[in-house]
Amino acid sequence: MNKKQIFRRLAQIVIVLIGISFITFLLTYLSPGDPVRNMFSATGVMPTEELVQQTRDELGLNDPFLTQYARWLTNCLHGDFGKSYSLNKPVVDLLAARLLPTLKLTLMSLVLMLIMAVPLGVASALHKDSFIDYVCRAVTFVGCAMPNFWVGLLLMLLLCVKIQIFPVIASGGDFKSLFLPALTLAIAMASKYTRQVRTAVLEELNQDYVIGAEARGVKRSTIIWKNVFPNALLPLITMLGLSIGSLLGGTSVVEVIFSYPGLGNLAVTAITSSDYNLIQGYVLWMALIYMVINLIVDASYVYIDPRMRLKR
Amino acid sequence: MKKTLKFLREHKQFTFFAFLAFLIILAAIFAPLLTGGADPLKGSLTDALEAPSKAHIFGTDKMGRDIYTRVIYGARASLTSTFGVVLLIFLVGSVIGVIAGYFGGVVDAVLMRIADMMLAFPGLVLALAVAGVMGASIRNAIIAIVAVNWTKYARLARSLVMKIRDRDYVSAAVVTGSKTPYMLLRYMLPNALPTLIITAATDVGGMMLEIAALSFLGFGAKPPTPEWGYMLNEGRACMQSAPWMMLYPGLAIFIVVVVFNMLGDSIRDILDPRSE
Amino acid sequence: MLKIDNVTISYKKVPAVLDFSLDMKPGQIISLVGESGSGKTTVIRAVLGLLAGGGAITKGDILFDGESLLSKTPEQWRSLRGSDISMIFQDSGAMMNPTRKIGSVFTEYLQTHEKISRKDAWAKGEEMLRKMRLPSPDNVMGSYPFQLSGGMRQRVGIAMAMTYQPRLLLADEPTSALDVTTQAQIVRQMMELRDTYGTGIIVVTHNLGVAAYMSDYIVVMKNGHIEDQGDRDHILHHSENEYTRTLLSAVPSMEREQGGEKDV
């Protein structure tokens, strides 16, 4: 990917972001709840009708739709996503505070997932149609069919309630509270990745260069570990990038189960309390992060694979 | 009839899992018979949080309701919403994809940019936002999931249609004056259909998991309706005292998803023998 | 040197080559000619012990220097490959890992067969390319396979295969992917190998023209069995076999064959 392509992608991201901001704004604009009443009920005040109207005027909620949207977008571009009604703090601060825990959770779960998926997938491919392969395939199949929140609950039941080696509420920032949520996410992903690794390794094993190396007398172990294995992992990089993106925004379920103080948990809180500013900010941020990560992954892929780098 | 029997005998995997799926659907329809007329919504507080026993084989929840009854009735909500979602994304996605692929140009560009926007939301984010903003209900959860997932079908249908759009027989039909709606129905849709059906069949399990996830978070079925995802949510609160509350609904989701995934795989094997 | 004794090769119980025999002397050049699917590639793959998916020798034996290859351990057979017996392919570039440089592939190969440091192996590879008269060997070593032209890739393949001066070189359609000029270069280079190093060569080709130009002995294969065989002269001019005659009549022009006639 050269500079021109990267530039084009950046332009695309901007356009998509504007579209997304429009969708999210429209969504909250059309929503049945009244933000002003929500705001008051969050503070425990029963407002009079006049007070509601006055506040609406103050907040500009009586302006035409496009005016409201333009004002909101301008503020967003200045980094001002408004104030969260329910938590009474600037949206940006809330999001920033939750980003790091979720990032930790994401990376930890990816590491755990790779520890499970790569050896299993490789073993499954190298011993295709053997006992190991069938066991791996059965396990990944089961893994794909288990709801991840159920896996989380089962792990919790087993390790926190029955054996009590982990805390039930994972709100601390230490390794122990990070481990179980990460493991839950990793188990769900590992099934998908094990299959992917297996297919990728099998595909690589069928490449002509394997026969070429064998004809040169190169040892089987060298062929597998120095040629097939690294090549098979290349396509995983794209998948990993997508996973990082979706994990950052999509860990809500697991974060809620373990009461983990991450972005997903914040989003659920925002939604249950109809905190529209917070929802909008969250959605926009997630979309932005997701797209930027994808861009970085695509760009870096070019530097890792010489075929992409050197071919016109 | 003979042909059907022969087909079923030749595709044993399909037959087996179709039979299981059929049983699950029957269980949902005839839930009152299976549960001996017990009420899934009512229980007596004196029976609350009872461990599994002869009277309540899966135990009871904190309102004293029979979990077995609720799990069986829960199949209704899960199955109808899942089939609803799959049917809707299938229809919406295919129609948009076929239109984008057939007309190309501006129509295509606009529709595909919208699809891009949907894809820019990671995981459940958009579904959460939609469900959250519109309020918690099964209907809204379905709309939210459809809004996120139609793009896959649209892209698929589009690429399939574009592949055959420029074939000779299609141009010939256009030249001889075939009308656009006729072209779409006669040539474009049938061509894209098998692949789309395979995708839909393999998607059933995944969609069921997404709906359950939304319900689990409280953005789907509203209590006291028995629904597996929400039952797990209730079970989570009583995990220490009544682990059976989360065990059985989860098991129900798991089994149903396994059956439908296997069924989807065998449908794919029958319709598309090339892929592994 | 190489004796293939009444060999039958099957893929999943279906025979692909039936009762194939061949006796090869050192320094001989033999061509296996036939249409695709005639089993000619299967024969040389079997000599290397590299039959693809589910292939197996179900009858007969292959002797190299009087020793049965089939009774060797996989490890013994492997160490023969690339040292005593080498192979070049239709596109030798495609037979190298596309994500590694030629030099890296070459080094890996050299380090398999001798104890040598990475640096020395790199130098030795470069030297080998120079010996085979490749232009700017250091550049070639630093390139990825896909960056080279088809002819260059093929010559790199030959250079690798010749590193340990094998007594037997197996060539699977070595010129089929090349344009005519390059074809001639490669064919001439292979013939030089025999003259310089005394390498015996088995060429598998569907191109009877190439076979006629370079080989001493020609085996015509059809549907997995030997249809016809004999000295070059016999096959080209005196064969009674109908199939051979059809193949011959399909060769567009035999000018090259005339050129080769002089040194017979």
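Before moving on, here are some points about what is shown:
Each chain gets a letter, A, B and C, in the order it is written, and its residues are counted from 1.
One rule holds for everything that comes next: contacts are C-beta pairs under 8 Å (C-beta built on N, C-alpha and C of every residue); 3 or more make two chains touch, one makes a residue touch a chain.
According to UniProt, the chain labels map to these proteins: A = Nickel import system permease protein NikB; B = ABC transporter permease; C = ABC transporter ATP-binding protein.
From a predicted model like this one, the values you see are computed outputs, not experimental measurements.
Most remote chain with respect to subunit B, judged by CA-atom centres, is C.
This structure's chain pair with the greatest number of C-beta contacts is A-B.
Separating the centre of subunit A from that of subunit C, both taken as means of CA atoms, is a distance of 52 Å. Centre-to-centre separation between subunit A and subunit B, using Cα means, comes to 22 Å.
Chain centres here are Cα averages; for subunit B and subunit C they lie 56 Å apart.
Subunit A makes touch with subunit C in their complex at residues 208-209, 211-220, 222, 226-227, 230-231, 234, 305-307, 310-311. The touching residues of subunit B, when paired with subunit A in their complex, are 113-114, 116-117, 120-126, 128-135, 205, 209, 212-213, 216-219, 229, 232, 235-236, 239-240, 243, 246, 250, 253-254, 257-258, 261.
Residues of subunit C that touch subunit A in their complex: 48, 50, 52, 78-83, 86-87, 89, 91-92, 94-100, 105, 108-109, 112-113, 144, 146-147, 160.
Residues of subunit A touching subunit B in their complex: 12, 15-17, 19-20, 23-24, 27-28, 30-33, 141-142, 144-150, 153-154, 156-157, 161, 245-250, 252-253, 256-257, 267-268, 270-272, 274, 276, 279, 282-283, 286-287, 290-291.
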